[in-house]
Structure formats: C-alpha cells, structure tokens
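A single structure is presented below for examination.
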Amino acid sequence: YGKNTIKFLRLHREGKKDFVKQVEVCAHLRLTSPKEYLEGNNSLVIPTDTIKNIVLVLAKKNGIQSLEQFAIDICNHFMTTFCQVAYVKTYVQEVPWQRLHEDGVPHIHSFICVPDGIRFCEAEQCRNGPLIVFAGIKDLKLMKTTQSGFEGFYKNEHTTLPERHDRILCGELFCKWSYGECKDFDFNCIWKKIRECILEAFAGPPDCGEYSPSYQKTVNCIQMLVLSRVSQVQVIEVVLNNTFYNVVDMKNLGLTNDKEVLVPVEAPYGSCACTLGRK
Amino acid sequence: YGKNTIKFLRLHREGKKDFVKQVEVCAHLRLTSPKEYLEGNNSLVIPTDTIKNIVLVLAKKNGIQSLEQFAIDICNHFMTTFCQVAYVKTYVQEVPWQRLHEDGVPHIHSFICVPDGIRFCEAEQCRNGPLIVFAGIKDLKLMKTTQSGFEGFYKNEHTTLPERHDRILCGELFCKWSYGECKDFDFNCIWKKIRECILEAFAGPPDCGEYSPSYQKTVNCIQMLVLSRVSQVQVIEVVLNNTFYNVVDMKNLGLTNDKEVLVPVEAPYGSCACTLGRK
Amino acid sequence: YGKNTIKFLRLHREGKKDFVKQVEVCAHLRLTSPKEYLEGNNSLVIPTDTIKNIVLVLAKKNGIQSLEQFAIDICNHFMTTFCQVAYVKTYVQEVPWQRLHEDGVPHIHSFICVPDGIRFCEAEQCRNGPLIVFAGIKDLKLMKTTQSGFEGFYKNEHTTLPERHDRILCGELFCKWSYGECKDFDFNCIWKKIRECILEAFAGPPDCGEYSPSYQKTVNCIQMLVLSRVSQVQVIEVVLNNTFYNVVDMKNLGLTNDKEVLVPVEAPYGSCACTLGRK
Amino acid sequence: YGKNTIKFLRLHREGKKDFVKQVEVCAHLRLTSPKEYLEGNNSLVIPTDTIKNIVLVLAKKNGIQSLEQFAIDICNHFMTTFCQVAYVKTYVQEVPWQRLHEDGVPHIHSFICVPDGIRFCEAEQCRNGPLIVFAGIKDLKLMKTTQSGFEGFYKNEHTTLPERHDRILCGELFCKWSYGECKDFDFNCIWKKIRECILEAFAGPPDCGEYSPSYQKTVNCIQMLVLSRVSQVQVIEVVLNNTFYNVVDMKNLGLTNDKEVLVPVEAPYGSCACTLGRK
C-alpha cells in the first residue's frame, strides 16, 4: 500500500468574518492488484501528486465542515472513482488555530495557535465493506498535583519502588474512539463534549478532586465516563504516557522537602493503554 | 565558561488550593581564572551537580514568585557566595501549566499544558557590574488571514515574486525586552500587559484589523506599541519567523481558487528581526 | 496493557579493550486480569520501576551479546517469573556507537556515534505460545541520483504529474523481518548480511546501477533479494518514505537547468510499504 | 535585518560518475536604511524569493566546490549587486551524503546519509570591511569509556557530587574556527584535517588513550592541537554538551555493579565552552 501527507489551509469568509481550518491529511491506499510491486507495472498506480490534487479539490469544493465529514468525503471519492482501490484510510489532523480575542471581543481575521490537545479523525473503508469513522484527541498534557497514589502493587526481589499515597499524576493523553453508524452526527459538538468528559474524569470535582489509585484506574474512569455520557461512541481507546516526578531528597542539604520541589524523571518512561467497548 | 540546565517543578499549597510552577533553568558561569581549561586544575570549578543543588535549594526556600525574581535570586547567590565567579547569566523558562476549569469553575489541583507562547526571562551580571534583567515570550504562533500585502519591493533580473495586496501573514514570534533599574516591578503583571500589546499590534482592531505592508512593518508596530504603553521596557527585540502560504493554482484542474485553498511553503523560510530602544 | 522505556549503557572489558552497547529497551506487558483498570486493585501490577530493575539486572548478569538475545532473555524472564503476565513484547534499539579509528588503528576505549541506519529488534510471546523474534533497521537514508523514473501510471482529470524517466530516488527506509524457529542463530552476522542486501538491491551494480521504475518496485527488489539470500528470514516488511526533488525551473531566470539544481519537496510526502513472506 | 533558509541539492556528472551536494543555506541581510521597518516603505527590500533565486542561480553557475567557496560567492554577489546591503552573512550546512560502497567498490550514483558530525561554514562581510570566513563541525557525538575523571573541584555545603577518577566522558561536540586571509585555501582538505585533530585530541593514542581530568581540559586539548597543527586557523571555539552517566547502584538488588551498567542522566545537562586564539 502507499500513503502520503498533504498540508493545507482552507479559508472562507462569511460577511466580514474569516474562518480558517489548517489540516494535515494522510491518505492510505491499497490496490486490488500488487503488480506495481511485483512487475513494476504502474498502470493502476495513482500518483501521490494526483492524490494531493484530489484532496485539495475536495477542500475547495466541499469546504471542511468537520474533520470527520472531510475524511468521509475523501474515502467516498476514492471508492467511487477508482475501481482499482481495494482499501482506503484517511487520517485528518487539525492545526489548532483559535480566533484571537482582544478584551473579550473576537477578531474578524486574526488567530493564535493553541495546542492544548490536537483533534484528529480517521475514516476507513474496504471495498464492499462499511465506512468506519474514528475521532480522537492527542498531545493533551494534564497534571494533578495531589489525590493520586500507587499502593498495594506486586512485590518481589526486584521491587525497589516505595508505596506512595500522595504523588503527582502527570501525563500526555491520547484518546481515540469509533462511531457506529454515523449519519447526521454533529461531529464538532460531540468532540467538544468528549474533551470535557476526559478533563472531568481526569481531574474529578473542582473543589476536591477524586483519588486516583493508579494511572490504569484513571484511564478506565475516562473511558467509563465517555461511554456513559456519549451514546454515539462505540469503542474507546486511551493511552496515558506518564511522566514521573521524584521529590528531591534534601536531607544532605539540611532541608526537609515536603513535596515542594520535584524533578521530572525522563527514564524509565511508562505508558498504560486500554481499549474499552460496549457490551 | 560552562552552563547547565535543570528542570523541576515547584509546588505549594494555600488553603486547599495547589499552585504549581514548572521551570527549566539554565545557568552560565564564567570564572575569573581559566586554569581549569589550561592546566586541568579543578580547584575553582563549581560542578554542575552543585549548581543544580543550589537552584533547587533556592526554589525550596524562596519559591518562584515570578521567573524574573527567581533568576535574580540565582544571580545574587552566585555572585555573593563564590568570589571565583566573574560572570553569571541565568535563563528561566516556564512550562505553561494552566489551571483546569470545569464549567468555568477553577479546579483546586488540576492543570493543563497550554503552550500558546512560552514565557522566559534572563538575568545577568558581571562582577562589579549592574544586574540586568530581560524577559520575553517565544513560540507564539499567530496568523492574519487578510489585511496583509507586500508590494513596491526592489526588483531586478532575479525577481520572480509577484506583488500581493491580500496575502496570509503567519509567523512564529520571539520577543525579548530589557528592563532598566528593576526594583519593585510586578513582573507577572507587566508580562501579561506586553503579551496583550503584541497581540493587539499584530492583529489591529477586532472589527477591521490594520493593513500590514510587510512583516518588517508589523515587527516595528509591535515594538512601538510596547514601548509606548509599558514604561519599564528599555529595549525590545522582535523576531518573526514567517511561514508563507501559496494560493494553489487550480486552473489546470478546471477550478478558480479565490484564496480559498492555500499550502504552507516550508522552504524558503524567512525571518525578520529588529531591536528598538528608547532615545 | 502497559509499556515503558529504559535507556542504559552496558560496558565490558576484554583485556585492555572496552566494548560498549547503549540501548533503549521498551517492554510491553498485558496481564491476565484487568482488575487494576476496572477496580483499581493493584495487587498484580508490576511497577515500571520493577521492570526497569529487571532489565538492568539482566543486562548486568547476561551482558548484551546481541539485541535479539537480550530481548529473548527479557521475554523469558517475565514469562517464567510472573504467572499474571499474559503477553510480553520487548523492543530493543541500539545507539550506534562505533569504535573510533585513528589512521586505521582501532582505539581501545573511544567511540563515535554513526547513525546511518538504526538496528532494532522485537521479541514477543503469549502465554503458552511460541516466542517470535523480529529484527530490523530504521532511519536508513538512501539516494540514487539517476536510474529512476515513474511512467505509465493511471491518469484522469486530476492528474498533473508529468512522466519522468530520470528522476532522483531518495527515501528513508524502514525494514523489519521475522525469524522462524531461531535457535543458535548468529543474529549479528545475519543483520549485517541483510543490511548489505538492502543496499545492493537499492543501488544495483556499482558500475551502472539498475533502473527503478517506481518506489514500489524498489521495495519489492529489496524484499526479494533478502528472501533469496537469507534463509532464516520468514517474512519481510519494507516501508520507504520517499522525498521528492523538483528540478528548479530556471527559464524565467534565463538559464537551462539540466537536472543540476533540485529542491526537496516537503509536502506532499509519500511512503510505500509492502510485506512479503515465503510461500 | 532579515534572514531566510533555502535547501537544495546540486548534482553534477563527470564521466559516468555522479557527484552530489545537498545544502541548507541561510542568508542574513541588513540594509543601510531601516525605512521598511519604520515607514513600511519596501523600495529597498530584497524579497526572500529573490534571495532564493540568487542562491540557486549561483549554485547552477558555480557549482559547490566547497561550502566555504559557495558562502564567499554568495556574500560577494550581494555586496557587489545591491548597494543598499550594509551587511551580509551566509551560513551553509551540508547534508552528509556519502557515496555507497559495495564490497569496497564505490557506486557511481548511490549515496547513504551518514550524520557523524555535520560540516558547516559561515562567511560575513560589512560594507567596506573584510570578508571573514568561519568553518565548523557540529552534532559530533563522542564517548570515552575510561581515562576520564573529575576530582579536586571546589566544595561547599551544597556539594554532593563524589570525586571520580574513572567515569564515562560522553558529549556532543560543536567546533567553529575562523580563517584569516583565506585566499587559495583547500577548504575541503583543511576541514578533514581538523576533524582528525578533534578525534585524536578527544581520544588520545589508540593503544592507551590519555587521561582527561575534566571536560574543560579536553576542550582545551582539542583547541591546542588544532592551533598547533593547522596554521590557517586563527581562532577556535569549542562547545562540549556533556551527557553524564550514573553507575546504577545495585546493592539493594543483591549485586555489585563495577561500572558495567550505567544510565544516562538527562538533567542536569551541562556544557562547557571556550574560545581560544593565537597570540
């Protein structure tokens, strides 16, 4: 199979106001015959340059109402136009431009890049198979300064980690979910709602938080909350790349460090992942 | 000279609420004698490990009221403690953790990383010289989708660029300014004010913007506005790394692209920089 | 499941000569019960810190004869020691330190980092299943300045790419293969032989090269040569991330550019991949 | 001032053999008048696009005999062509393509990227001033597994580092030197000679090495050797970004680790730098 990446910006104006979407599209194609590999026969090969043109033309004609709809449009185009395509997958990722505000007033044509979690989606289809749509958020960095511990774990002769009931929980979150039959979904609205669920499940109530006994349990809480609140989500995968923080031992510097100064530990670097679906 | 980088997190609690500062500190030292280089005599050398300990101890004892005050504290410590230090420079950069909000309610101990412009500062001092403080913002990505052009430039036989009066202006901004005598400044407040000036000068009024005839002029507007509004700033340097966007030519695809679909041009990649002070 | 990354250096001396292996190990574990996710019950969880200790202890006790043997040792340790482990996968990647030579004389303890293709391997095992070993090379950047073209591809109204019979072929190669039953293999020797096959199939004979009608065909040639020369390889996957170079059009600068000055095209960025096994 | 970056590949054929240079050129210009900043008057501005065209045309016409000669050519062009240019600086960096060899036979048109130290140069000139040429190497990663220590350093109450007489010395080297009057230098030959000096001074004799009492002393040894062997070098700057390795304490794992297993320490991360000239 082949894939390629196209980056572009789609701009449109409504009244005096400009709207902008900058995306990175990655299209994977698999052909019905491998003869370009085996024989060097290129007669069915769709060049990268053509794929780029198609993506740009679709952006021009359809605009980008939502990443998901745009990914679906691309899949549909390849499946209906090229009978030599056996499988198509489209990944679309957004550059997080947000409208600038001055004293609370939105600016009509100025934007700032705010990468606090990147939105992406995928659509894939095999010939004669259903179109499946995924969406997700990545590079979302979160931290809890308390209400987190790790105790009661398995111990043997290689265990040196002490039990802790008040540690920092910090990590970079990746979350990807699939939609079932996805007609007439408001993808933008659902995405925002899921982002809020993730933050709420990670942090707990604003006035007191909620104790996390492990990264794993926090991952599960996020999944459970999304599945319970957002009926359109069928399966949800969460990966939490955790960063550990060590409380600096200051005894031999004559000081007592009561979880005031901590250093991030860059290795070992861990992550936990789980995929959860509905029964 | 030698320098080194220390990363850590400073945490403190007021009532039930946690406050967190994660910083990266880089300390440069130059000694009065180069004998460790020339003779391999280490007797005056302050090991990286000791520098790290000092930075962490200062963070523990003083906290981090502002990046600038912390940088000043470090400089003062090295100058007063080590008579072999001829020069010290301290760079402090912040990891942009922001308090999480749920439905507008601030969370007492949860944070999200929002890298929409990174705050940094520098303090430097030669023995028997004044302590000089700089502050700045970097990695601030901004875009204007209209009200920008580039015309009337110098032309010769190597010129192929067409004149444009409606292009995208997009770039990554670096801005660094110096304070004069800096007693009793509210560094946090001034920094926020300068950030607002930068955004305002870049974007212009929210309802109509302001035409930019070049990246250079926009750089100058930013400098002029900061100098006019913030009296504590003595000199201001601005670097704008610009990203060009080309309107995709769709004629041979049978379409007219009226600045709707654009692709970022990764090379040539330009930047313009200017340093401006008061008379 | 959980995974984590450990970086370390293994040093040993034979006579007066030092040998060094610096590796990055990533271990994935899946437990038989998900109760740490669902219930927050950590009693079966093996902490990242323990995994790190085990990897370091194995490196100390066994040394690193080959990446593959070390990956196998780690898998075996987890499977035999922890009955709660359902699945283990170990990824080992090498930092490419090479012995320094002065005027052709090897240095007994000095090394230089030469990243011209990174060696890695994987070993994985399900409880009650076979141990499967993979090896590979990544980040191998290769270029052919001629003997490459792309013609006869599929064309429609979105095609703008001209046919070319003399273009640059440049790309970053990823190659991963699996071994069958792997007792008593000389993994270091086989790896070197496969690297040579890749270079030979990519480049063709030194005096004239071999025409490549497409990236896809070159990928296939590499796979075919490896499978024909190295009997221990069962399946081989090759991914070629290609970089396109455009011949700069200098007509309006009054010059004829006969494939002398070319610029790399950063987007669209393509890749082609294929997995090939024995019948 | 403004600067911009151009990446391209220069290809030429001699007989049946292809030669390739891929470079990244960065040109800085400062104009005699700042009116484009202050007044938005672009009449003297040389667009990025024009600078790119000039660099590509010079590459086409002159080829790239050496990075230094190419940088000199660019400076000369700007100074002689544009009277509004007050200052020009050109930085040229090479992509380290090396000719592929099969069984020791050089391939006529295939190359492999081997980034074991990147070659670069700079040429700069003020109007009416001399043309100054620098050259250098960067990203050169070196390691000595023994014959390195750090003892006798300054100690006070913040010192926790133990003295060591057998540690790993590992770092990434940056080295930049200036040539005096540089007519008729064989820049390619000199650069290779200096690279060899660096390796020799870092490593010491191949059969026994040479003890390094500190990173600083090693930096000085490199400078002294280059200045003594290469008469064309006037001033030499060396920066060594060191990576520390800690011997893992395995006592509580029941093992004695005699400098066999070490982990790199990512922070604090130090560097030492020194500039040395002739008397």
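Residue numbering begins at 1 within each chain, and the chains themselves are lettered A, B, C and D in the order written.
The definition used in the following text is that contacts are C-beta pairs under 8 Å (C-beta built on N, C-alpha and C of every residue); 3 or more make two chains touch, one makes a residue touch a chain.
Note that this is a predicted model, so its numbers are computed, not measured.
For the two copies subunit D and subunit A, is the contact made of the same residues on each side, with over half of the numbers shared, or of different residues?
same
A-B versus B-C: which has more C-beta pairs touching?
Between B-C and A-B, the larger count of C-beta pairs in contact belongs to A-B.
Find the chain most remote from subunit B, comparing centres computed as mean CA coordinates.
C
How many angstrom lie between the centres of subunit A and subunit B, each centre taken as the mean Cα position?
28
Please tell me the distance, in whole Å, between the geometric centres of subunit B and subunit C computed from their C-alpha atoms.
38
Give the residues of subunit D that touch two or more other chains, as numbers and ranges in rising order.
Subunit D, residues with two or more chain partners: 7, 53, 57, 158, 160, 253, 263-264, 267.
Of all residues in subunit A, which touch subunit D in the complex?
157-158, 160, 252-254, 263-264, 266-267
Within the complex, which stretch of subunit B touches subunit D?
1-7, 34, 36-54, 57, 81-82, 84, 150-154, 156, 158-161, 213-214, 216-217, 219-220, 244, 267-274
Would you tell me which residues of subunit A are touching subunit B in their complex?
6-12, 16, 18, 20, 22, 53, 56-57, 59-61, 97, 100-102, 105-116, 140-147, 168, 196, 199-200, 202-209, 245, 248, 250, 253, 255, 257, 259-264
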